[in-house]
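Next come two complexes, and both contain chain A; in the first it sits with chain B, in the second with chain C.
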Partner chain A sequence: MKHRPTAIILLLSCIVITTGCWDRIEISDRVFDLAASADLNENGTTLIAAQFIAPSKIEQSSKGGAGGDKPYFIESGSGKTPLEAIQRMRQKLSRIITRGHRRNYYFGEKLAKHGVKDLLDAFTRDPGNRMRLDIWVVKGNTGLHALQVPYPLEKIPSVAPLKIHKAVGGTAGTTYLDFIMTSSTEGECPTLPVVDIVTGNTQTKTIRFYGRAIFNHDYKLVGYLNFVEGAYRQWILKRISYLDLVEYVPKAGGSVGVVVTKFGSKLKSSVTQENKLKMEIELSGLGHIVENNTNLDLIELKNLNLVQNSINEKMSEHVLKMITKVQKQYGTDVFGFIQALNRQHPREWSKLKGRWDQIFPNIEVTVKVNVNLKYIGLVGPPLQFKESEVRK
Partner chain B sequence: MIKSILNNCYDIVYRRIQIFGQINVLFVYLDGLVDTKALENNLLKPWMLGTPRPELGELKSLDLMLEQLVSTAKIKTTEIMDETIQSILSGNVVILPEGVNHAVIAKLIGFEHRAVEEPSSETTIRGPKEGFTECITVNTSMLRRKIHSPKLKLESLTIGNLSKTTIVIAYIEGIVKNTILEEVRKRISQIEIDTVLDGAFIEEFIEDKPFTLFPQVQNTERPDIVASCLAERKVAVFIDGTPFVLIVPCTFWNSFQSADDYYERFIYATIIRSLRMILITTSLYLPSIYVAISTFHPQLLPTNFLISITSAREGVPFPAVIEALLIEFLFEGLREAGIRMPRQNGSAISIVGALVLGQAAVQAGIISAPIVIVVSLTGIASLITPRYSMGTAFRVLRFPMLIFSGMFGLYGVTMASIFLLIHLINLESFGVPYLSPIAPLSRSELKDVLIRAPWWKMGAIPLSFRRHFRFSKGQKPGENQGDSA
Partner chain C sequence: MKISGYQLFWMVFTMAFGMTALFTIPWPVALAKQDAWISMIAASLISLFTTFVAVKLSLLYPGQSFVQYSQLILGKWLGKTILVSYFLMWLSMTGIILREYADFVFLALFSTTPLWTIILIMLGASVYVTYSGGVRSIGRCSEIIGPICVIGSILIIVFSVNDWDWLRLLPVYANTGFVPIMKGSTLPASFLGESFMVVMFIPFMLKSNRAQISSLLGVLFASVAALAMTLVVILIFGPNIPARLIYPLYSAVTYISVMEFIQNVDVLAVLLWIISIFIKLSLYLFITSYGTAQFFHIKKWKNAIYLIAPMAFIISLLPRNFNIEMSYTKFWLAVIYPINIIGIPLLLWIVGTIRKKHMQNSELTPTSQ
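Then we have the complex of A and B:
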């Protein structure tokens, strides 16, 4: 009893000395990959590449040195399976790969079309993988190529797509989770966001947020939705925070630009007597007028109503067009229709179970967009018109 | 007889005079401890130069002496040798009249001591600026000046076989928690020690658990703190020769309360108190959390932060935990040097400290810049506690915490924190749980722990479990001021 404190201290130091119980890895013994890519080689093997931070180069670039050295490097490896490819890559690295900061993963288009089934297990099994990961499909190009494109705003270019995704109003960091979740839900089909590589006027390549890629049940890429179509789809799922749209108002002979915030959506399913399915979609939002190229003075309520009605009408058409395209062309339920039906009509759903792929293309869809134009600003009538031309 | 006991003491003065040429008396006193001016004016001058008063006759009994001759305020008589010697040594003047077997002790103490100054270890911006001195009578009088109540009791006793130090136990009758008072009396009376030079000597004898870093006795230099603590049912112990007064019981949360809290507006005081808590926690955890996150869990860092840390750690030879220990060690060394060194060397130390630690070592790539930032933040944070003795506890605990985090990461930090909590829960100060009133929870007392409630809200006296109230309710300022709430 008398020597207990001493004994405890001695025992503790024994742990340190005898067992070498220091399972720490210094930061200088780790290499952090911020983005990775998977591609399909010509011979059918998988090519895995990753963009790593090169710490010693960062210091130089932050000190203002014009070294020209990029603070990152790309390493790759190919193999029959993802693990084999990573193993080949590891043979070239002096440090332990730490994936905790990897928030972007690119799938090349070829691989996406071939199917990403084989990759998924390696993904879900690795505890070092981050759950808040964005997986991208690179439209018309390879993932490796997307890694190689420099980006002027960010020190490490692979931070860029994530930030673009946030800036355009998407829910960044959830695509991996969503992909896994929808693929385990019956009837639904997974989607992924898409980037493509474009050259601007200055001949420098850059990354662009393109839209959304649609996969089928075999995890094969079947088609793309462009930016606006993808945004409509996100609207239906309430996974969007910002959207700007320009719609033509025929009665006024000009277009009006609206920024939509506060998104709401309702899916109402019903089963008709002939056993056909009907889906009523109601989208709501709050509109801010940011552009008015008509000669209407929007301070007048009747003009505002006119614009609001025609914008909503136009938008409903566009959304319906997008849904029909998915229904007829791709035949994949990426709108959560099956879940709405399941919740609202559980009895009917159990009858339709397992036949969803045949039913989905024939669902009768009606869309009603209801954007409430609440904020018209203080500018009043458009400035480019003379007072006499403005319609009160 | 006295001469044989007090031989080889050059500062003893024997002065033989004749009162009015009739009575022979011997003065014995210690040079330097006695107010010589008062002695000359009150006793020597009237006795030696005054006109003889033949009606006095022979000195038959002591009464005559006391009633008509000795003109000092406080006197005492004794016939015991030891007491006589003791009172000489305490600075009294002993008058030995011829023909009487009693000694008259006249209290004419007047030695040099420090004037009342602003307390150096606990300064405030607003509020009283006086601090205790080394002289116990001055100290108790300062307390008396704060509490003009007959209920304020000051019990005196002497401790120390050699030092014979006066100790005063102060409490307010009727308010003090009697169990605590009894316990203090008992523990102090059991002390046997040769010298008492500071409160720490007493503190180590009366605290509940010796093997802990946490002080279970509060010490203060401020009379206002003592007064407010006495009003909160506590007991204060004054020790002669030190400006630090001990207060028991003391809880963990006392270390976050500064005197300033009660002199500033309560909203500000609450904010500052929470700032203090955050920073004290920082001083304990920051280095270990840095080490744990950077070596075990780099996922927890934001990516951009990670990028700058990786580049800063590039090429540094030591592991993060060794680096942290090294810099902490150096910092503690600097601080100790700052206290011990002669004032004139101050600039040399600070220049070398700043240049060598901050600048050269980082540029030479021996240590990384983040760890210097972390350690200096920790250093600043550890100086923020209003109670120095509690600050030292956190200073020392930082090192085991660092070792744990270096071994087991955040898991180790959690483990060490649990050990620490278990230890704190086990502590008691004079029967009061150390973490009270948080654990065990007493809701009415929470008004002065994490927050500082306004005075009109703090009716219930702490440690009283709502049985004692300082004042009646309904004093909240406002329209209905004075109405009972």
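Then we have the complex of A and C:
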């Protein structure tokens, strides 16, 4: 009982100490950075721009009232390094930048070609940054421009690429980590997803998921894979969840469209002779037919098998063509071949790892795609053909 | 002041797990790459051995603390000299743990709050729990806090499952070899081996025969949990990145995103860190104060806290920057750990056993005559 007054005083002082801290920043003193971009200026400095939410405008635009006023704004700054550029940008901001919600980062093509090494460190060093980040290369354009393009479906346009990435079956949010992880693996080269800015027939500019950008060991952009090629590459690495493809079936004189899900991939490396490597790639997937422009009645097993074999054959050719292109044209291992070799033949790996750049272009690759067509949809024989034209 | 075997288990677990999981992972990963988990297994075996020695040593003289029986075993003066090295270790550890705690919280949560306030609040909590009931209240605290620690680490495992890639663990052993794996195990082994401090608690055990199983199980569970965290880190970040991160587990937790819904759960890692440090710090505070009191024959051991707590506070403010703490960790690993945790206890155990045998013999001889 006699301790009660002391206890009360102590409790009260607890309240005083624990409620306030030095780090309190009111929400009205923060500005939320949703996407940012980095570009190379003519004079060699870095231009950093960011898209911020303008909270007061969000309500307005959802009411549909005032219109015209965008719920975001873009601010930029230039400097020798990213931080210096951000410092210049902060001189124009009345609030403190909060990056907890930033999901997209654009690199302009020029900067990507010049090399992005100097930009990478701060993404992990500063605890205010999130590692779950998608970094995009803007093909043929600047990152700033990509920030400026409005997008009709999303209130804040920088949400768009993330959603596109998810909608087309990619692994959104992991590109930054994948980038630093592959670049820290000996012999492997990093990649980033690519967007470009296109004007459709309606003359409005929009963002498009273009494919994949390939970097070399110096973090310099060396080339692009288009959307389908990029998807094949992701398939080899099992980082894809959805892919739709149309292949021409020569024996039936028409094309068949397939949606592939449930992706599997197996890499089997073997060392044939002295320093000669062979890589057997086996890709598997589950196919749904969604389009049939041949006159084949797919309810017949032999017809389905015909389509399946033909599609697999064509796809194998296309995947091999893509790999050969990367091998011969870019000479960068973006398929994890060196890791497969390390897993399967560690002894050979330790002998060859130093000279991987010379070895990689000469690896003998075989590809076998094995998509199992499980569903043919709701229609058996194609409806657009007359009864007599349908091939049973 | 009495503690049960169950409480001892949670004390050892909570104390050993948090810091090992958050602080030591870069070391084995830097040396043993994707085989760091083998290093962790080796570390747990080593620490089980050191704990076994510590418990056996204490059980030679039941009811007496390390401070008392080391003087019995080695004689008054040699014993006292050795104890000085232990006091230096315990005191500096208390300070450094405080500082390491504060640095992490500073980096992860509060970057404009002055460091001394963060330190002072934690120290205040530890002093309170130690002063109010000594080892008994620490034991009760860990009984409640320990399971929270377990739940936290299970949540980390569950939330991160969809970011795992089992291929990142391959190839096993082929890239590294025996020496790097064993070298990698030293730092985690030394952190788990801090369970040596049970030598000060066993005298408080209700049933001292439960001491061995409780402390060994505590170390074992802490090692398994730390092993799981190491695996999580490697499965998410691969074999190269974690070695360069300072708190890889924290980075892994910040990376968690379950269906775009459960995100930014950094607080899980901070929680593990804070509660584990709280227990560890209170235990160090207790053994340092209690040991000092026994050493100088101070009647009221609680008075020693008034001396130890300010000293720990000052020590925690001494390091100029993070790198100096890292050099303390290196010193701890290279000098303190092999001498104070492995060497001296082993020596004491051997000498003590021989002495006991000798004493028994000399006791037996008169009766037989």
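The rule is simple: the second predicted complex is superposed on the first by the 369 of 392 C-alpha atoms of A that agree within 3 Å, B and C clash if a C-alpha of one lies under 4 Å from a C-alpha of the other, contacts with A are read in each partner's own complex, and residues count from 1 in each chain.
Methods note: contacts are C-beta pairs under 8 Å (C-beta built on N, C-alpha and C of every residue); 3 or more make two chains touch, one makes a residue touch a chain.
Keep in mind that what you see is a predicted model, and the values were worked out from it rather than measured.
Asker: Between chain B (first) and chain C (second), which, if any, makes contact with A:55: first, second, both or neither?
Answerer: It touches chain B, and chain C stays clear.
Asker: Touching A:184, do we find chain B (first), chain C (second), both, or neither?
Answerer: A:184 contacts chain C only, not chain B.
Asker: State whether A:343 touches chain B only (first), chain C only (second), both chains, or neither.
Answerer: Touch partner of A:343: chain C, not chain B.
Asker: Looking at A:130 after the superposition, I want to know if it touches chain B, chain C, both of them or none. Which is it: first, second, both, neither?
Answerer: Both partners, chain B and chain C.
Asker: Regarding the shared-chain residue A:173, is it in contact with chain B (first), chain C (second), both, or neither?
Answerer: Touch partner of A:173: chain C, not chain B.
Asker: Once chain A of both complexes is superposed, is A:100 in touch with chain B (first), chain C (second), both, or neither?
Answerer: After superposing on A, A:100 lies in contact with both chain B and chain C.
Asker: Where on chain A do the contacts with chain B and the contacts with chain C coincide?
Answerer: 21-23, 100, 130
Asker: In their shared complex, at which residues does chain B touch chain A?
Answerer: Residue list for chain B touching chain A: 211, 294-299, 301, 303-304, 306-316, 319-321, 403, 406-409.
Asker: Which of the residues in chain C end up touching chain A in this complex?
Answerer: Answer in residue numbers: 107-114, 117, 121, 163, 167, 170-171, 174-175, 237-238, 240-241, 245, 251, 254-255, 257, 263-264.
Asker: So in the complex, which bits of chain A are touching chain B?
Answerer: Residue positions touching the partner: 5, 15-16, 21-28, 30, 32, 34, 53, 55-56, 58-59, 62, 71, 98, 100-101, 103, 130, 155-156, 159.
Asker: Which stretch or stretches of chain A touch chain C in the complex?
Answerer: It comes out as residues 17, 21-23, 100, 124, 127, 130-132, 173-174, 177, 180-181, 184-185, 339, 342-344, 346-347, 349-350.
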